[in-house]
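Please see the structure below; I have some questions.
Naming follows writing order (A, B, C and D), and every chain is counted from residue 1.
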Amino acid sequence: MTSEGTAGARLGWTADEMMTIAAARQLRPGTSCFVGIGLPSTAANLARATHAPDLALIYESGCLGAQPGRLPLSIGDGVLADTAVAVITVPEVFNYWLQPGRIDIGFLAAAQLDRYANINTTVIGDYATPTVRLPGAGGAPEIAASCREGIIIVRQNPRTFVDRLDFVTSVGFGTGPGSRERLGLHGNGPQTVITDIGILKPDAANCELTLTALHPGATVEQARASAGWPLAVAEDLTDTAPPTAEELQRLRALTTT
Amino acid sequence: MTSEGTAGARLGWTADEMMTIAAARQLRPGTSCFVGIGLPSTAANLARATHAPDLALIYESGCLGAQPGRLPLSIGDGVLADTAVAVITVPEVFNYWLQPGRIDIGFLAAAQLDRYANINTTVIGDYATPTVRLPGAGGAPEIAASCREGIIIVRQNPRTFVDRLDFVTSVGFGTGPGSRERLGLHGNGPQTVITDIGILKPDAANCELTLTALHPGATVEQARASAGWPLAVAEDLTDTAPPTAEELQRLRALTTT
Amino acid sequence: MAQLVSLHDAVAELVHDGDTMAMEGFTHLIPFAAAHEVIRQRRRDLVLVRLTPDLIYDQMIGMGCASKLVFSWGGNPGVGSLHRFRDAVTNGWPVPLEVEEHSHAGMANRYVAGASGLPFAVLRGYRGTDLMKQTATIASITCPFTGEELTAVPAMNPDVSVIHAQRADRDGNIQMWGITGVQKEAVLAAKRSLVTVEEIVDHLDPVPGQVILPTWSINAVALAPNGAHPSYAHGYYDRDNGFYQQWEQISRDRDSFTAWMTEHILQPTAADGGATEAAS
Amino acid sequence: MAQLVSLHDAVAELVHDGDTMAMEGFTHLIPFAAAHEVIRQRRRDLVLVRLTPDLIYDQMIGMGCASKLVFSWGGNPGVGSLHRFRDAVTNGWPVPLEVEEHSHAGMANRYVAGASGLPFAVLRGYRGTDLMKQTATIASITCPFTGEELTAVPAMNPDVSVIHAQRADRDGNIQMWGITGVQKEAVLAAKRSLVTVEEIVDHLDPVPGQVILPTWSINAVALAPNGAHPSYAHGYYDRDNGFYQQWEQISRDRDSFTAWMTEHILQPTAADGGATEAAS
């Protein structure tokens, strides 16, 4: 990421660190969070290590309330089972826990994102003859459908913030207002998108992602230049508080062990 | 039971004991048996105590391969869980084990039985205003539908062997040949009915229960008089071997502890 | 997070007249102490849901708590009939009792659908039986891939579900083992849930065959030692088979039933009222 | 009753060219030793079914065992891409690979339907996604009670399913614990099944969180110590995260992949060929 380099040069932290810390701050104590692997897992475990020690982490491998002391490389690492309140089967985690809307937060990453926070993690290019074959859906479509709210973490650049997804893997607000209701998706949809530049939230009226906060060192111009569509910017745009020493120390402890 | 009294007076065992022993003999070693409570449970455990120690008993409470040392009073006694190869949930026992046809034998009792071995365990009289309210279906309808074969144990008299059931709780051969196929019942249906008088099997052609064996001391006239329909009798009618000393001793040991 | 409260307060807060209520436990861990508290608090017009009504619902029906029963097998296991259930169905005593009758497989799958947030469940069941004529909550459904016709039953989502477990920790996480029946499904299917426990401990040491319910998946936990009696709690006490057999005599006659319930349940100093004391 | 046989003989008897085969294990207990034996026996035209193809199917695909992949997430967890999978999909190397793509929830429910003897499963899933356009095995179904429209997926019933477990007893009863994923469903859904195990013991001492498969529910048990490596076996050895990271380099290039497979898998003296030795 260029943003990563520049930010890293200017400040005492990288843009990825700021992104992960800003994401962790979104996770409220006492809630339950269905965690995708990668950036979401790092941010969720940072939240547990800082302001939300009682955050209940749910991993699709069947670990309910996992409390790993170190970051798992995969969503099925032994440390998750060893520290979980309960270990259940994969059918059960999706059918009994995710599907009924028991989980507060669905925390996802994305390869492509559009203005309605729909996600592509399947292919770049044509499905039959892809230029890049991505891993695919995993648990994401149902996490995006059924969690009470969604949080998405993604590096913001013209390749990720696209005008039109090559493939709709997971639905945010579909084609706009009313889409989720028409599709019978019970969750409230993605409420926050955290990037390496700032924070975006869906507009209450038209559901379109709107830049609501900028991370230290980032600019509106940079945010606009990093989006494949005319990016909406909130009038009351705020500044993300810089990482605290504790946040940085905890994050680096997590990611270096 | 009058038959019980007379048999008991004439011979060294009661008709109920003969019935239970004849039923136990039907259970082949190395098979799995879904066991209803009461007479089926007694006969199945007698089989384990005699010729079929490796008979896998399945109880609807979720006990797979239970090996109780004493007769359970209920299908959920602790001794079943303590001795089972596996204890699973009730949804699992019905969905993963019974429904796919994994269980060889479904062993049921009945309050009323008709010539096609359909069973009533719900009401005597009209459903809305019953003269006798019976316990109801329990696991029986699906046991009768999905086990590879059915075995039914029931005392034979005009109240139990009826021309027409007051209520069809569990299906044997329905209205005759082709019924099970039309209903999509995958099991082969009841292959043996053991009573305190003899043994009946469905006719290969018309599916109607036919008396194929008489217990010691019982007569064809007694069997006919104990049925509410013109009872078919096999030409090659055989005699049930009397209980062996070991069978009687094991049965009495089971039922007195 | 589940609240740790007294059994009295839990029932007062979570169980309301007219509720659809499931009290599950398949022979094992039947929540008798909670049922007795519901009887003492004189709840009425309950729609009682349970695979096997057993003595627990025979008592509640006989005490006039229920207007409807949704069930699949209504006997006294290994003993005989449930006389209060029979009397209510055939004679409407003490109040008329509507019945909605299923098979175990159907009831279990109704809870599964309820716990899964689905409106219905699919099974191979009921076909050819008179249950399909008498029970409105059974329908046919066709496989969209094979065209095969199967059976559908609607989700069961009780207003409140009550179960009994061996242990809870101080955070309200629940641990049960032995025969666990349909209890997890009954709790997860319910709008509100109460779990009574034999004891509350600092730490839930893992046990083979355990089922865990995280504290955030239930509403309330109440201490009720011996709270499953005359049913049993694996690892704590055995099933009181003698009482199940005595119930045949106690419950056969309306007067002897009423006398027994008055002496043993309605009066707070009752035999198993100890459970309530300990919890309040 | 399950037969206790060598891994070589089990694969020779149970796995046939053209089979639909599931080798499950969710990160944990992935049956690598069995997959390597399938590769050594040169099986072809397999329809490989797995939620997460992981390295196990990346290896089989790269060795030309598969003509089709049914899956829901095809990455190297925490590392990146599965290069052999990508190469087969985008370039048809070494042979073209057809894909049938689902979500985890859909795949899990396909196994559940298969294990349950039902032709389909119902879930809240896929709606609004392009998966419904690309995958033929997704349909809509209407609730017969509420009229709500939901999603149906067809049962998955593999010709053969293979899993790895910690232990078996001498009767062939299977015991596994830790993350057990969809393994029970995959085995019960299959026409034939093989379970490889870390060890065979006289008695299966109960373990918290254990899943038991009775011997009469599977076909064959084969001893394969270390048989899940580089995946892990809870209580026996940890996940070889280092190898998952090295795989990025090994598999990126066709030649380095082929060289590695030839040296470590095709030659019986290979590193984890020890599993095969021990079993034969």
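Quick note on the criterion: contacts are C-beta pairs under 8 Å (C-beta built on N, C-alpha and C of every residue); 3 or more make two chains touch, one makes a residue touch a chain.
The structure displayed is predicted, hence computed values, not measured ones.
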Pair of chains joined by more contacts [C-beta pairs], B-C or B-D: B-C
Maximum centroid distance from chain A, chain identifier (CA atoms): B
Between chain D and chain C, distance of the C-alpha-averaged centres to the nearest whole Å: 40
Chain B and chain C, separation of their C-alpha mean positions in angstrom: 29
Centroid distance [mean C-alpha coordinates] between chain B and chain A, Å: 58
Overlap residues in chain A, where contacts from two or more other chains coincide: 95, 99, 146, 186
Set of chain C residues in contact with two or more other chains: 117-118, 123-124, 148, 150, 184-185, 209
Full enumeration of touching chain pairs: A-C, A-D, B-C, B-D, C-D
Residue ranges of chain B touching chain D (in the complex, touch as defined): 30, 32, 56, 64-65, 85-86, 95-96, 99-102, 146, 186
Residues of chain D touching chain A in the complex: 26-28, 51-52, 71-75, 77-79, 81-82, 85-86, 89-90, 101-105, 108-109, 111-112, 123-131, 134, 148-150, 178-182, 184-185, 209, 232, 234, 238-239, 241, 244
Residues of chain C that touch chain A when the two form their complex: 1, 115-118, 173, 184-185, 188, 212-214, 216-217
Sites on chain D touched by chain C in the complex: 117-124, 137, 139-141, 143-146, 148, 150, 152, 154, 206-210
Chain C-facing residues of chain B, complex: 37-38, 60-63, 72-78, 80-81, 87, 89-91, 94-95, 98-99, 122, 127, 129-131, 133-142, 145-146, 167-171, 174, 179, 183-186
